[in-house]
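When the chains are written out, they are named A, B, C and D in that same order, and each has its own residue count from 1.
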Amino acid sequence: MRISIDVELDYALSEPGPAILMLEAAGASGQELHRTSIDFGPVDRFARVPGEEGIGERIVLRAQDRITCRYSAQVSITRDCPDLDALAADEVDEMPGDALRYLLPSRYCQAERFTAFANRRFGELRGGRKVAAIRAWVEDRLDYVAGISTPDTTAADTFLQRQGVCRDYAHMMIALCRAAQIPARIASVYAPSVNPPDFHAVVEVYLQGGWHLVDPTGMARADEMALVAVGRDATDVAFMTTMSFAHMRRQSVQVRRDADAS
Amino acid sequence: MRISIDVELDYALSEPGPAILMLEAAGASGQELHRTSIDFGPVDRFARVPGEEGIGERIVLRAQDRITCRYSAQVSITRDCPDLDALAADEVDEMPGDALRYLLPSRYCQAERFTAFANRRFGELRGGRKVAAIRAWVEDRLDYVAGISTPDTTAADTFLQRQGVCRDYAHMMIALCRAAQIPARIASVYAPSVNPPDFHAVVEVYLQGGWHLVDPTGMARADEMALVAVGRDATDVAFMTTMSFAHMRRQSVQVRRDADAS
Amino acid sequence: MRISIDVELDYALSEPGPAILMLEAAGASGQELHRTSIDFGPVDRFARVPGEEGIGERIVLRAQDRITCRYSAQVSITRDCPDLDALAADEVDEMPGDALRYLLPSRYCQAERFTAFANRRFGELRGGRKVAAIRAWVEDRLDYVAGISTPDTTAADTFLQRQGVCRDYAHMMIALCRAAQIPARIASVYAPSVNPPDFHAVVEVYLQGGWHLVDPTGMARADEMALVAVGRDATDVAFMTTMSFAHMRRQSVQVRRDADAS
Amino acid sequence: MRISIDVELDYALSEPGPAILMLEAAGASGQELHRTSIDFGPVDRFARVPGEEGIGERIVLRAQDRITCRYSAQVSITRDCPDLDALAADEVDEMPGDALRYLLPSRYCQAERFTAFANRRFGELRGGRKVAAIRAWVEDRLDYVAGISTPDTTAADTFLQRQGVCRDYAHMMIALCRAAQIPARIASVYAPSVNPPDFHAVVEVYLQGGWHLVDPTGMARADEMALVAVGRDATDVAFMTTMSFAHMRRQSVQVRRDADAS
């Protein structure tokens, strides 16, 4: 599948300072970039450094009081949807270091606090079946409601409040997977089926020697996601990080499925 | 300086499961390993994977109800103490990716919440002078008291409670440095001057293109520390991480300065 | 039923200062005091003030480095167990002020965060049936495990961690009842069936114009509880509150059912 | 001094349900009500119950999807400003029960966590001088910034973030006073000098046998405040408490100093 992405950002900064942007589809396995362009408004200069796990890039801007950005790309998605039920979990002592580290708790995914619940609720299941059950449970138990959660909301908060947005769904699924000894990380993606159109956050789980994209909101499929970045939780994959308050003047994210060329 | 390290651990696990140990002096710049040995008690098997930033190794054990470990090493420390006052800060847009990521907040170092305080208190200072002032402020304002903080204690908690142990000192200094746009990470080390003898946590700050070890407790000097691991905060450098409750039966850490051979 | 209570406390204070004790069976409706005695060890002086809602008394001590207390009483319990299913809830606008205030969230019972869950899980039920369902749910979902929770543990924490002691059970039930617009408060009691013998915390709910004792742990019955104090949550009914750290040297709580005199 | 108060509220409720309003100047010592009127929009019915400590009244409404309220009053303030430096603190064991209870920590004023800081910073001072020093410290250390704090913000949060509104100033001062063994509670008031005009929150401290109003923001004086309600913290004195989300359509608070009649 081929998708087209168009993003426009316009933010006012309360103080001059650096900003980190992370919003380009990555050159990553399972997807091919066809064309890509990015333009920044009045910024003094910018640099690029690799994202977490070498996936995607962080763009570091030096800005005065305003950041504008136009990003446009066309991406072919070549990966398939994972068949979770067919995937086995790896033993912890057979995992590589860059899977093992995603077992550890993080700020928004306090996995160690979910252990008793995960054991009680999902303890009978194994591997991909357990992941599928966790994903379905998160989708069922949460209501997708904007404006309830804040940038401080953690998986523990969401577990109680039962409402949130994609980021909250992802954090809760990640916390439960890690509590069940399955490495899990957040992934920021673009997908045409996300409604309303926006940046989207999903989960990558490590099963049978590889990472697999799953969406606890049920809105997007792995074979239509353009991956941007991965990380421990929302901090690592924020589309914009500033050191002072950034006031949104305009933000638009458009993702559409292109007509088949064949 | 040459130091000798002897560690003994004996823990009972409430349930069989994996454990991650991270307690060997790393083969890292600024130190040389002379001899090293590690023996585990009744564990089914173990594996090694690299630690964060490729520094040190995580040892992954599969254990039944007990983990014992004896570790012994001799290490020469060849690094000097940093002269903080002479070191400049790097511009954020000139930092490599593996420095930039240590500007981001983390679970125990919620840097974004310290911004107003850091600006008010340390806003006039720059670079290494600012780091030195932060370090001195942390040492002065906190009392070293065992038993007040828990594994859940964050820099925000310690900022209020004004008491803690090396880990709490480190988290608070890291949060303040990141709030001041200076990359900072936790480092676990051995040092002969730590009293009572124990695993020790200090801070690495990124100044003038490199990482520099500083100890906010004032107990240890960089030229006598054997580095074990680095990371965002305590989660990344824990000497032992288990999935169920681990009851300490015995733990001993001995670090002594060897007589000069010359 | 008649019960006998014998308590011994011996605590060392880290600094001289006041302490508040609240551990005597109250002269309250549903119970009669037959004999009661209380003796304090080396305290400079003490005073009594009424407890919350005029139930029981707070004893305020001025102590040096040690507090010892021997309390002994015999109490007849004359109240019946409430038949929850038969009790209706009151309309909020028909409640007296001292019921209404127990709808408000408090430190350990953050009722407003439980609203979505309470509506989803218990929204179909009314009045005492709803209270009975909440009580049974709390008992079923939690495991009684000592040493997991701390004095900082809240109902929100317990909802996630699924483990705790009587105080945690009580806080969680209170939060759920308040979220369902049923006034609920904590009650400290003595009961012979508590195992291991200890101070015990249960819940009072306001139904059909009155307060009714229920125990979410399932350990004690209202017709065998001697009420000590009530309040918003654990802060109000702590058996001892000190301003500095109090080290327990000895604590013993014995409650036994007396042989029937008849 | 005589002041006139005019309030208009217009809120839309997301679901029908009860609401608690607390916004009338109280018939309390130190002030006299001259005229007062309150009208509610489309509410099914309402009732009044006494507020905390019998000060002021809670109005309980049963509403459908909308709450409107017009309140108007004229109040003479007869109390003087307290001369804090001249007031002594009471011994804890000589306080009445309704002062003692305001030593206890509460949800937004976690006094027990401020003990080490309060001792270090204010330990040398006594009584009203200590209260005056705490008040001045809070005013100096915080910046009055709207939009930073939320209904969840606690004194511990504000201590770190150094920014907030009147409610945050009050919580922080209360926590510090309680940590210093001086009873303190929140008071909601009207005052003509509050800018921008709004409901205002200040602190009452218990010194020398009585309660005294002080304003940590420095905006209002005790001799120009019309007291509405008191309580442990913001939960107890909220001008409106609803069980579902209330969307503000209009809110206006006008308080003006009347020309002297003499």
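We take it that a residue touches a chain if its C-beta (ideal position, glycine included) is under 8 Å from a C-beta of that chain, and two chains touch if they have at least 3 such contacts.
Keep in mind that this is a model prediction, so the values were computed, not measured.
A.B. asks: Could you tell me which of A-B, C-D or A-C has an interface matching B-D, in the sense that over half of the contact pairs are shared by residue number?
C.D. replies: Most of the contact pairs in B-D are shared with A-C.
A.B. asks: Once you find the CA centre of subunit B and the CA centre of subunit C, what distance in Å lies between them?
C.D. replies: Measuring from centre to centre gives 43 Å for this pair.
A.B. asks: Between subunit C and subunit D, what is the separation of their C-alpha centroids in Å?
C.D. replies: Roughly 29 Å separates the two chain centres.
A.B. asks: Which residue numbers or ranges of subunit C touch two or more of the other chains?
C.D. replies: Residue numbers touching two or more other chains: none in subunit C.
A.B. asks: Examine which chains touch each other and state the graph shape they make (line, ring, star, complete, other).
C.D. replies: Contact map by chain: ring.
A.B. asks: Run through the chains and report each pair that touches.
C.D. replies: Listed by label, chains in contact pair as A-B, A-C, B-D, C-D.
A.B. asks: Where on subunit A does subunit C make contact in their complex?
C.D. replies: 113-114, 116-117, 120, 143, 156-157, 159-163
A.B. asks: Mind pulling up the subunit A residues that touch subunit B in the complex?
C.D. replies: 17-18, 20, 45-47, 49-52, 58, 60-62, 91-97, 100-101, 104-107, 110, 115, 181, 235-236, 241, 243-244
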